[in-house]
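Order of writing sets the labels: A, B, C and D. Residues in every chain begin at 1.
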Amino acid sequence: MARAAVVGADMTRFGVHDRPMQELFGEAALGALADAGVEPGEVEALYFGNAMGGQTENDTHLGPKVASHVGMAGIPVQRYEDACATSANAFKNAVEAVEGGVHDVVLVGGVERCTPGVGKDTAEMTRIFASASHRQYEQPTGITFPGVFALFTKRHMHEHGTTEEQLAHVAVKNHGNGALNPKAHFGKQTTVEEALEGPIVADPFRLMDCCPFSDGASAVILVSDDLADSFDAPVDVGGVGHATDVVPLADKEVPHVTQAARDAAAQAYEQADTSAGGMDFAEVHDCFTGAEVLASEALGLIEDGQGGFAAAEGRTARDGEIPINPSGGLKAKGHPIGATGTGQLVELTTQLRGDAGERQIDGAERAVAHNLGGDAATTVVTVMEVRG
Amino acid sequence: MTDRGSGRASGIDADRLTHEAWSEAVREGDLRGQRCGDCDAVQGTPKAACPHCGSTALETVELSTEGVVYTETTVNVPPLGVDERGYQVAVVDLGDARLMARLEGERAEIGDRVVLSGYDEDDDGYVTPRFERQ
Amino acid sequence: MARAAVVGADMTRFGVHDRPMQELFGEAALGALADAGVEPGEVEALYFGNAMGGQTENDTHLGPKVASHVGMAGIPVQRYEDACATSANAFKNAVEAVEGGVHDVVLVGGVERCTPGVGKDTAEMTRIFASASHRQYEQPTGITFPGVFALFTKRHMHEHGTTEEQLAHVAVKNHGNGALNPKAHFGKQTTVEEALEGPIVADPFRLMDCCPFSDGASAVILVSDDLADSFDAPVDVGGVGHATDVVPLADKEVPHVTQAARDAAAQAYEQADTSAGGMDFAEVHDCFTGAEVLASEALGLIEDGQGGFAAAEGRTARDGEIPINPSGGLKAKGHPIGATGTGQLVELTTQLRGDAGERQIDGAERAVAHNLGGDAATTVVTVMEVRG
Amino acid sequence: MTDRGSGRASGIDADRLTHEAWSEAVREGDLRGQRCGDCDAVQGTPKAACPHCGSTALETVELSTEGVVYTETTVNVPPLGVDERGYQVAVVDLGDARLMARLEGERAEIGDRVVLSGYDEDDDGYVTPRFERQ
């Protein structure tokens, strides 16, 4: 039995948009409703993610604003913020509510605007992103988010021999996948040489190791297991794991193992009665190339220490043993913070329905999504599968 | 199920009133709203679906530029970005719909008739209608 | 049967604090744990509220930060933001999780810093508070939060004859109650004359009609109905209602009826199998004196249109027919945004245990809390009662 | 149940290391951490309970001012408020605990020995230790 099922999914193109957040969210939400064949008036609750609208646009209490915009004023609405894991956390709470019988049909999604359209330059946005680091014990060092994952990745390189060239292979793979995704921020392939020539953001990361600032929205319609059969193309939610880790990162036992991801994955696999070996592909949180390496290991998809080698050898390519980020990932698909988590679930839904077109993973029946927040201190792992 | 492979933005209706079109109208001295094709409710600002009944059958309509003050206040402690104090903000009833707006000139009370007299623009370029007593 | 039970509750003094948010939250959380006799390691999840840490201090992803601080790293943590209804919304989700069997023992609470200690002056804080208004259709008018509730209140005065003097009576009552609450921001009584002489903030509201900017934290330990009997002093959660309304406020059918409060109250009363008449007292969201008038009517405690008259006649005083805000309310107890919702539940717990000292409502057995966000477009109403 | 009527702040332990005391030590060239009385884990920054076992039995301890670089990066794209680029940030292993800090002077690699050499203070007055190669 599934915990719940996704019966509709949609997203805006991730990229640069010059529209207010409610209009971006409206596009994704109405698309997901149309996909499910559900009317706004049938939705019982909204689980909504937005990470930084207060900081970027002085826009908070967005839950009722977007609910009003999509014809759902009145229903209970809750906004989540857990840094980059914002909408996956909204999804987890929605799954619990649907499974527990609180609601039968809910809308889950998120929106974010991070591009210069909000009026902030790179330094301002870099400071806003850094707000997820510890205010007293990390931000005063001048650490940035590329810097946080650089700290993890350099230690991984030191312990396991991971190389900058291997990291470049992650970027090349994800840009290649993104080029096949019409909703992706970047539609252009790149090369290892090009990636290794980019300017350094926070060593070892060069420009091409970093995901872009994106605008966008994503949404899914989630229903109870009982109701799912009355829809055209339900995709089951087998498990959702959610764990946290110590902040600040210096107090984590071994920062680069990203323990929260391991704990959340163990929960998700157990709920779905499966294991890493049962996954046909994965969408992981590659905010930086090194983050994909760590995630591939934390999810048990690649042996510990081998994440970089696996990427370079094509083991995580679309035609490899375990395709990672067929959508292009955050790296190429884009990373509108609050929309990223449910954006991954849109990709899982699309692939598991066999609707992913050129980037389709043939015969995919079960997949995992990994969405992290901050220095991976929040991680949500979701297993979805073709309805049995 | 819609054809999701096409990259078509299924949530976008090209005719639906947007913030951009609403703002453009305000700049030109016009007010645009939306009438719901199902429940007939009229909204003064753009939405993707009717907040009252959930219908997506929204028709863009021209709103009256005259109305009466539904409620009002005078703000003496302004937010950062507003360089005056003692300005009047009102909800104006235009008959079909209501709008929040600035009132300029002679102070208006609830029930007073007002007419669109211009617009204000904030630091981020967002516009808001301005009314004055008739 | 109760939906869940509160077995521990505590709060910092609301007022001016010069400590980081995690330390404020730590004081409330450890106090609630001690009150319940629960160890940090026994808590299974944290439902956390903070409204504006990103805007005030560039501090987000606070969930894992505060969880780490109070010895709970690892457990699932979710942060809510629903403007001033932030921690009541966290509480609602926690009640659903406990009732649904997802968790048995959870921590719910919130923290906020709004005083000049965060480095923002009145104009900056006024703009941050205004972020809960519609970014495109309300903020450009220069509306403020006192202004929003002034719009509601002036219409109420117009329709029902409510007077500024009646509003002053609300302030006087709440300051009188707050003077008996050692955790309150203000410990001083005031008079109607004094209130009516204050400078106008947004007419009809003068300084004494407005709650202060406060720092503070509050927390409760929530357990399942089954587990509650193994604790010393459980207080039952009979019902939690949660509804939203249209934003922007001009599109609300009758703005000043605060329909979301009426809908949420109806849900809460029905769940608890009671009605407004069954309440022995109420804690309502009196961010402004006019807001208490509207709330007293929306909750069905006072006849529509009579809220101002009732306050002036003493019907809502501590010794009146339906005491409102015996804690002092937001007006005198203070309003550290993200801590306000669970702060009301701390007062309900304290009163229903008979532990409220000088401000105790004699024989109180059942009470209601009303926490709203934004222009009341989010409202959460909670009914708690002495465990049967 | 504790005596809640007293107004006593039951969550405050007067001896527990606070951000204020930690910062004061950094300003004076000292590093303070907390040792858990139950699981013996040491943390480099103040908490109200042990993040590993939940114990509130935390003893304030003096941390070594010498250590080795556990990991490091050089930040070339700084956040607003930092007026330089190309600065090095590291996690320094002090033996009992680790700390995030700035590295100054000659660039240090993972495994290099470093010693506390001062502190930085940001726009809001928050301090962070500064280390240099030994």
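Assorted remarks:
Throughout what follows, a residue touches a chain if its C-beta (ideal position, glycine included) is under 8 Å from a C-beta of that chain, and two chains touch if they have at least 3 such contacts.
Here the structure is a predicted model, which means the values were calculated and not measured.
Least step count on the touch graph, chain B to chain C: 1.
Considering every other chain in turn, the ones in contact with both chain B and chain D prove to be A, C. By number of C-beta pairs in contact, A-D leads when A-B and A-D are compared.
Chain centres here are Cα averages; for chain A and chain D they lie 31 Å apart. Distance between chain C and chain D, defined via averaged C-alpha coordinates, is recorded as 35 Å.
Listed for chain C are residues 20, 57, 68, 73, 127, 130, 134-136, 139, 246, 251, each touching two or more other chains. Those residues of chain D in touch with two or more other chains are numbered 19, 51-52.
Going by the touch rule set out above, the chain pairs that meet are A-B, A-C, A-D, B-C, C-D. Interface of chain A with chain C (complex): residues 20-21, 51-52, 54-55, 57-61, 63-65, 67-68, 73-83, 89, 92-93, 96-97, 99-102, 127-128, 130-132, 134-136, 139, 242-247, 251, 260, 263, 373-374, 377-378.
Contacts from chain C toward chain B in the complex involve residues 122-124, 126-127, 129-130, 134-144, 146-147, 150-152, 154-155, 158, 199-204, 246, 248-251, 253, 255-256.
On the chain D side of its complex with chain A, the touching residues are 19, 23, 43-45, 51-52, 70-82, 87, 89-91, 97-102, 110-111, 120-122, 126-128. Within the complex formed with chain B, the residues of chain A that make contact are 9-10, 12-13, 19-20, 22-23, 26-31, 34-35, 37, 39-42, 57, 68-73, 119, 182-183, 232-233, 350, 355-357.
By the touch criterion given at the top, residues 1-2, 4-7, 9-12, 18-20, 46-56, 124 of chain D touch chain C in their complex.
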